[in-house]
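Reviewing the structure listed below.
All chains are identified by letter, namely A, B, C, D and E, in their written order; residue positions are counted from 1 within each chain.
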Amino acid sequence: MENLVQEAIQNVNLQAIMPSLVLCVFGMAILMVSVFSKRGSTTHIAWLSIAALVVTGFVTLIGWNNPQAGFAGSVLLDNFATFFSMICIIAAGLTILMSDDYLRREGYPVSEYYPLILFTTAGAMWMASGTDLMTIFLGLEVLSVSLYVLAGFFRNQTRSNEAGLKYFFLGAFSTGFLLYGVALLYGVTGTTKVDGIAAYLMANPEAAMNTMFIAGGSLLLVGFLFKVAAAPFHMWTPDVYQGAPTPITAFMSAGPKAAAFAALMRVTIIGLDGLQSELTSLFWILAVLTMTIGNFIALTQKDLKRMLAYSSISHAGYVMVGLVAWNEIGLSAILFYMLVYTFMNMGAFAVLVLIGKKGEDNLTLDGVAGLGYKKPILGIVLSIFLFSLMGLPPTAGFTAKFYIFAGAIEAGYIWLAVLGVLNSAVSLYYYLRVMVQMYFKDPEEDFAWVSINGPVTISIVVSAVGVLYLGIFPHTLMSLAKLAGF
Amino acid sequence: MYSNLWLIPFFPLIGSIINGLFGKKIKNEAVIGGIATGLMFLSFLVAAQNFFKLLGDKEKVHELVIASWMSVGNFQLNWELLLDPLSAVMIMVVTGVGTLIHLYSIGYMHGDESFYRFFSYLNLFAFAMLMLVLGGNALVMFIGWEGVGLCSYLLIGYYYEKKSASTAANKAFIVNRVGDFGFLCGLFVLFWALAEKGVWTLNFVEIAESGHLLESGGLLITVVTLCFFLGATGKSAQIPLFTWLPDAMEGPTPVSALIHAATMVTAGVYMIGRMNGLFAMAPATMMTIAIVGGLTAFFAATIGLAQNDIKRVLAYSTVSQLGYMFLAMGVGAFSAGIFHLMTHAFFKACLFLGSGSVIHGLHHAYHHAHLHDDPQDMRNMGGIRKKMPITFITFLVSTIAISGIPFFSGFFSKDEILWWSFGSTRGHCLLWVLGAAAAGMTAFYMFRLVFMTFFGEQKTDARAKDHIPESPFTITIPLMVLGFLALIGGYIGVPKILGGANRFHAFLAPVFEHAQHANEIHAHGSHATEYTLMAISVAIAIIGIFTAWVMYVKNPELPGKFVARFAGAHRVIFNKWYIDELYDFVFVNPCKKIGTFLWRGVDVKIVDGVVNGCAWVVKGIGSGLRYTQSGYLYNYAMIMVVGVVLIVGFFVF
Amino acid sequence: MADNLLSLMTFFPLLGILILLFLPRDNGGLLKGVTLAVSLITFAISLPLAFDNVFTTSGGMHYREFYQWINIGDFFQMNYNIGVDGISLWLVMLTTFITPITILSTWDAVEKNIKGFMAMLLLLETGMLGAFISLDLFLFYIFWELMLIPMYFLIGIWGGKNRIYAAVKFFIYTAVGSLLMLVAIIFVYYFAQQSGALTNGFGIQELYKLDLPYNAQFWLFLAFGFSFAIKVPMFPLHTWLPDAHTEAPTAGSVILAAVLLKMGTYGYVRFAMPMFPDALPTFIPFLAFLSVVGIIYGSLVAMMQDDIKKLVAYSSVAHLGFVMLGVFAMNLQGLAGGMIQMINHGISTGALFLIVGFLYERRHTRLITEFGGVATKMPIFATIFMIVTFSSIGLPGTNGFVGEFLALMGAFQSGLRWYAVFATTGVILAAVYMLWVYQRVMFGKVTNPENENLKDLSAREIAIMLPLLLFIFWIGIAPNTFFSKMNPAMELMLEQMGADKVAVVEMHQPADGHAAGHTNGHADTNADHQ
Amino acid sequence: MITVNHYLLLSAILFAIGTFGVLTRKNAIVIFMCIEVMLNSVNLTFIALSRHVGNMDGQIFVFFVMTVAAAEAAVGLALMIAFFRNKESIDTDDFNMLKW
Amino acid sequence: MEVILFYLTAIVAIMSAIFVTQCRNPVNSALNLITVFLCLAVYYVMLESPFMAAIQIMVYAGAIVVLIVFVIMLLNLGLAVKERYTHGMAGSGVLAAIVLFVANYFIRYGEATGTGGSVTSEVVASYGHTELIGRAMFVDFLLPFEIASILLLVAIVGAVIISKREV
């Protein structure tokens, strides 16, 4: 018994889970605080959460260039994980910044909201740093379960309920596939560790012909593809994004998606390296399918949140281009892209948070008519985000897209790049439509929205600065992404 | 030596600028007219000085480089002027006649509200024309070439409030542009052809020197010269591009005299003379020129037979006379062509100015009587000789000159042309027949004009009848000078068989002789033949005059019967052989239709249709795909399962 | 200062935008004044370039600035690499020269959201200047796309009735092309990197030296060419232009015509042609054909327009056809003609759009049928319009002639002889449509009572036009001012394009030399192309 | 002799039945139960393979799957209750506000 | 004996599973679900994993299904809900068949090759299943275990705030 404890303690490496640990501790502490705080006053909880994230951010950054493995190969906090953790932290931070006033406006000043976001972030971190499918799976579940709750957070709002339920059912359904895949992989390789799978594949190349292995691998992918909203597993995205509270939508499109990509990358690039040729051709198809479906359907949308949901699908498609490239450039491009996407998409959503009325029925194309005149600065900022989403210089969206396509072209996927840019061209139309409404149309009604300011502005400013800075001086972060890539 | 050459075009230019910029402020007609005419006269003085200097100079070709214009690689082009006998003759004609017409215009344009504008344009024209004739290389010439086209456009459209005037102006410019297209093509091909041989030049002297590098009679030289000739037909109103000139009569009459009779329209002739070396090397082109010239002379004359507008008759006469000049150039009678150019400038300017004087008088009368009759319609005239004696006399002299009655200027030049067209190595008797027939018709319609205008009953409206004054001296002085020149101008070129020395020919010899020798162009034939031909042509002319007398003085009802008898032919001739309609049908309307089709059909429907169609298809696909997103959970789940099955299947199978 | 002249010039307008941000929104006069001042200062900054004789002696890049910008190890490198040579020099000057004019032209025309308008103009200026001076493909692309945004807003916010359609069409049309170019840019980079030839990022001067296989050049030229062809625009990719021009506000049209369209032609000269010389012979006949079609087609369609602005827009298609033909002639005359014609088109067509703008401001219509007899009411305007018209027609003595003449002459000397013959008919057609519209608008009697009270040009408007007129004559009469600085650069560029492989006549043949050897070579290529 | 393949086949059948149920039923709770059937089939696979492979990882995984199932059940049922409160139904046909 | 037990249980499990998906009354589905769980517990025992069987019964049958039934009762869904079988039926059947086929296919042609682990029947017998589980869980999979606790925490908090009636 003694040596069992010893053995167990030997495996513990707190440094390897320090960020998530800090986050969880904070989360629980905040839960406790929220129990004793006055009902309806959540601002201090929000700021506490921000503080938690800041601390976590520092803790995470300490881990840069200092890879830590631990827990018998369950986690590996390498640069890759750190980078993704930072993305998630940023996403969570921006979400919280835009949440407080929003929740109050919508009538749900519930303090548990913030710890849930923190736990989600922790789950995302486990996904990013997990090297055991079990860790990744549990991280995914923490993330998912919190998000089910957060998506259905407005419990008296049917739309929110519906979003939560749809997300829940489809999520659970996909979990089934994911698990089945893990089971089959486990059967073939005898392990659930990513590097164990890789080692097995290295030792037994014929496993690539083993249908059980292949089926397991592909079912495993399905689980992650579901989370990144790749076609044809994207169906939940528009509905959930539209129904969920806006900050949560923003968060879902950035943080969890980044985490899912992290897990997907770790599993495929490290674990299923032997299947590269098969996987790249699969990703090729899925990438094109994803961006095409996302962009084409987005063309017809009138609801801004829903449109951004489809846009988020298409962006997942672009990111998958990096996965297709399967080379250093492409993979580090994914990191860079996800970070940039976090800024630009969350920025756009933050603007939506700001201009929405209670119930958010006005977040349609017609609803923003004339915005550029009534709120010029808001208009400019939203334009910047939209230009970034389009991928126009000098915004970060462009550098990110450039990075991604550079990866694809370096790997020889020129046609994929061509399809990608043509898709971007299609996407111009619906982003432009927003700007058409903002600038080229006169407002149909007066903007009498419940004007909320405060922390949302911070999140917008941060995002805008991030988008522009990374657009003009992407060098530093690109280098970091390079270091963080495999 | 000849370094003040640049002053010749410079004077009119500054005149134009001064009047153009400040004319509106100056307002005083005397000052404006004085500036314009004075500067023109200064230009004439400089021209005369240079001319006489050249007369006494042994070296006959002088170039003056003013500045570099374009310098791109081997293509080096200067602003340069060239003085040789040919251009010397031309500058004398242009500045001389020009000065007179400026003077005339002061009287003629009196009271016009944009008097300054007129003189600005007129000076600008003089500048352009002088650039044309003095241009030392093809491009400087082309500046003048297009410049005169521009001024012609401006001056035809001078009364821009009249739709017909602006339309005529457009027509003039656009038809000229067709010619310019030829000119440019010729220039390009020539430049390229010479550059192939290592000579990068557009300089006339150098072109003349290196012309021999090209194959004589070869395709290239033929193409080059044909292109240039196309340019010439545009500017000089030859078949097929003559239609603009009659319409150009919409401009004020001095303009018609200066531009559309004396100077600009002869630019084509001058250009052929300037490049005679090249043309001489292309017999096929020469033949074409001769035929086109002859035909133009003939056809224009036929049209002239039936016109009633005094200026239109003169216009067709001009076309016809230009045809003569081209005939001359085509048969190799370069100096004869230039000679005719000069004499034509005298008598035709005089005729136009005379008609202007008549119109001016009638206009005055109508104005006085508050009538709105057409002062240009000959059917309203008659018997004016008593009212306007000076006009009448000068007009009559010029008419005799143009009819080719011996010892008037037109006789010498026309006769030399006819002789060459018969006797030249490049000539043909049929060309002579064309020329002679045209000469007869010319005599007929010119005298028809004189008879209808100046003789017989005064058919003007009674109220205006007695208010026709003789024109002021600014008008009559130029008339007299030009009439005098029309009378004696021919004596500098009296042919040898009539005992003259043909000094004109000798003076131009340095320009033309080389080409003529090199290409064996000369007129041959016995003196007897020459005399016979001369006699025949004179006889034809006299018959023409007589017929006119019979029809318009003796039996004024005869023309009516005649018209009734040959109604079809008359209609054709009266309507100018329906050439305008033909062009409308063949070029103008199809162009408009094609333009509309390209716009509405190709541009909007096809090109934009494809573009918008793409967008439409994309959007259509989008809205189709959109319905996959049904909102129903089980559909979503099913699509997921399909995806799973496909992915697993993708790997497994 | 002199070291960073180009940067200063390029980014000074951005500084202007910053200043604008802090000015009160409703003080239009102040905003316009400040913007004008900024643009004039920019012009002043750029002036030393025009007077620098270094361009006459050396065709290389001058005023170089080189800073490392993005350097991701072996992934990719982008540098802030700028400079001008004789080719870009005048385009830069044109840009700095035209911008103050357009700003002045908006004085009375723009009333709504002046601040935004001015900011967009300045942003556009930065974009244009940057694109002309970039020597790094990546940098070029950024500026290239940067131009899209302000133009989009200029059309969309301050445009006419159908502005949204036009703006979106403009944006997407051009973006499609440039996105494909982006792929090509990346591709050429990695191709170069893999062949080990590349040391210095996307620097075009290094890329010039690449010897790519024909196949790659083919596709790359196609991608670059497509993008530039849209911008030029060449037939049949031109349909965005009439819409954009018609709907854009005057200032937008002027800038669009004067500078933005030059991006396409400049792109050919600077990027597509010298970078992929081997693919050139394959494409030139095709592109030259499209240019000629553009000339004739543009002219014929222009002829039938009932909207003056649309007419001018279509005439641009024709004019740019001359530019392209000259450039594709691949000899010094043709290139010089093309280059100078770019400037000319900027001046003449810019002036035409200003003129249309003057009319529009007075009458709020651009339909030709609404006018007639304007010359009586506006004599000064008529004179200026006349001069510009003839400049556009290409009357000798005006700028248009020099460009068209040299372009055609160059084409005649190359294998494009027959194309050039057809192109020359454009000279006739230009006269037809320009004079016809002039006649219909200006001549005749005033039939429409609304035209009775037209006021002639104000002093400001005359001041706008005078500089343009000056250059119309300057280039027409003394184009050597411009050629002398362009020549060395063009010679260098032609060498890079492999002109000797394509061109028919050897350009560096001394004038007195004999050309026996060249005729043979010419006969062969000639046969190939016809 | 019962081999691992028997178990795998059985669990595949159960998985398919569960999937089928998810696809066809419209009662949210029944769908949830079908998902539970799927998860259970996975569990069976895990344990069978765990025995076959000879290590405990699979069984541990089953342990966590159960945890997850429990957690999901809690959250899912809570969501259903919330939805039911608003719409008086948990029929998936009534999840129809968000579409297209 | 073992074979018969396997097949018998399999039949019961499959039938119950089908009933789960087909019963019109959710309560019946829930009861059938319990049967499925119990059958699986039987298999776990057969697979020498008694601890997992116990957990299966306790967690699944004891907790989750009870929760489900509780909710069914709470929402009073009993007989009220009418099932509507629509177009989805046929297509779903086909899809399910494909899933079955694919599963069958890869099991037939695939192979669970990862054998050779240390935990054989003897080891299980000698150490006891529970100890093995415990050892694996607290030595090798400590982190997932901890994460599971967070997961449950999240679920509880979530369930509470979602199902709370008022804000």
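Definition applied: a residue touches a chain if its C-beta (ideal position, glycine included) is under 8 Å from a C-beta of that chain, and two chains touch if they have at least 3 such contacts.
Treat the numbers as computed from the prediction; the structure is a model and nothing was measured.
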item	value
Touching chain A and also chain E, the following chains	B, D
Furthest chain, CA centroid comparison against chain D	B
Farthest-lying chain, centroid of Cα atoms versus that of chain A	B
Inter-centroid spacing, chain C versus chain B (mean Cα positions, whole Å)	37
Interchain centroid distance [CA atoms averaged], chain B/chain E, Å	103
Computed distance of Cα centres, chain E from chain C, in Å	71
Between chain D and chain E, centroid-to-centroid distance (C-alpha), Å	7
Of all residues in chain B, the ones touching two or more other chains	615, 626, 629, 631, 633-635, 637-638, 641-642, 644, 648, 652
Of all residues in chain C, the ones touching two or more other chains	172
For chain D, residues contacting two or more additional chains	4, 8, 15, 18-19, 22-26, 31-32, 49-50, 52-55, 57, 60, 64, 68, 71-72, 75, 78-80, 82, 85, 92-93, 95-100
All chain pairs that touch each other	A-B, A-C, A-D, A-E, B-C, B-D, B-E, D-E
Chain A-touching residues of chain C, taken from the complex the two chains share	69-73, 75-76, 113, 116, 138, 141-143, 145-146, 148-149, 152-153, 156-157, 163-164, 167-168, 171-172, 175-176, 179-180, 182-183, 186-187, 189-190
Residues of chain E defined as touching chain B within the complex	88, 91-92, 95, 98-99, 102, 105-106
Complex contact set, residues of chain D against chain B	19, 22-26, 31, 92-93, 95-100
In the complex, chain A residues that touch chain B	165-166, 169-170, 173-174, 177, 211, 214-215, 217-219, 221-222, 226, 231-233, 235-236, 238-239, 278, 282, 293, 295-300, 426, 429
Touch list for chain B against partner chain E, complex	634-635, 638, 641-642, 644-645, 648-649, 652
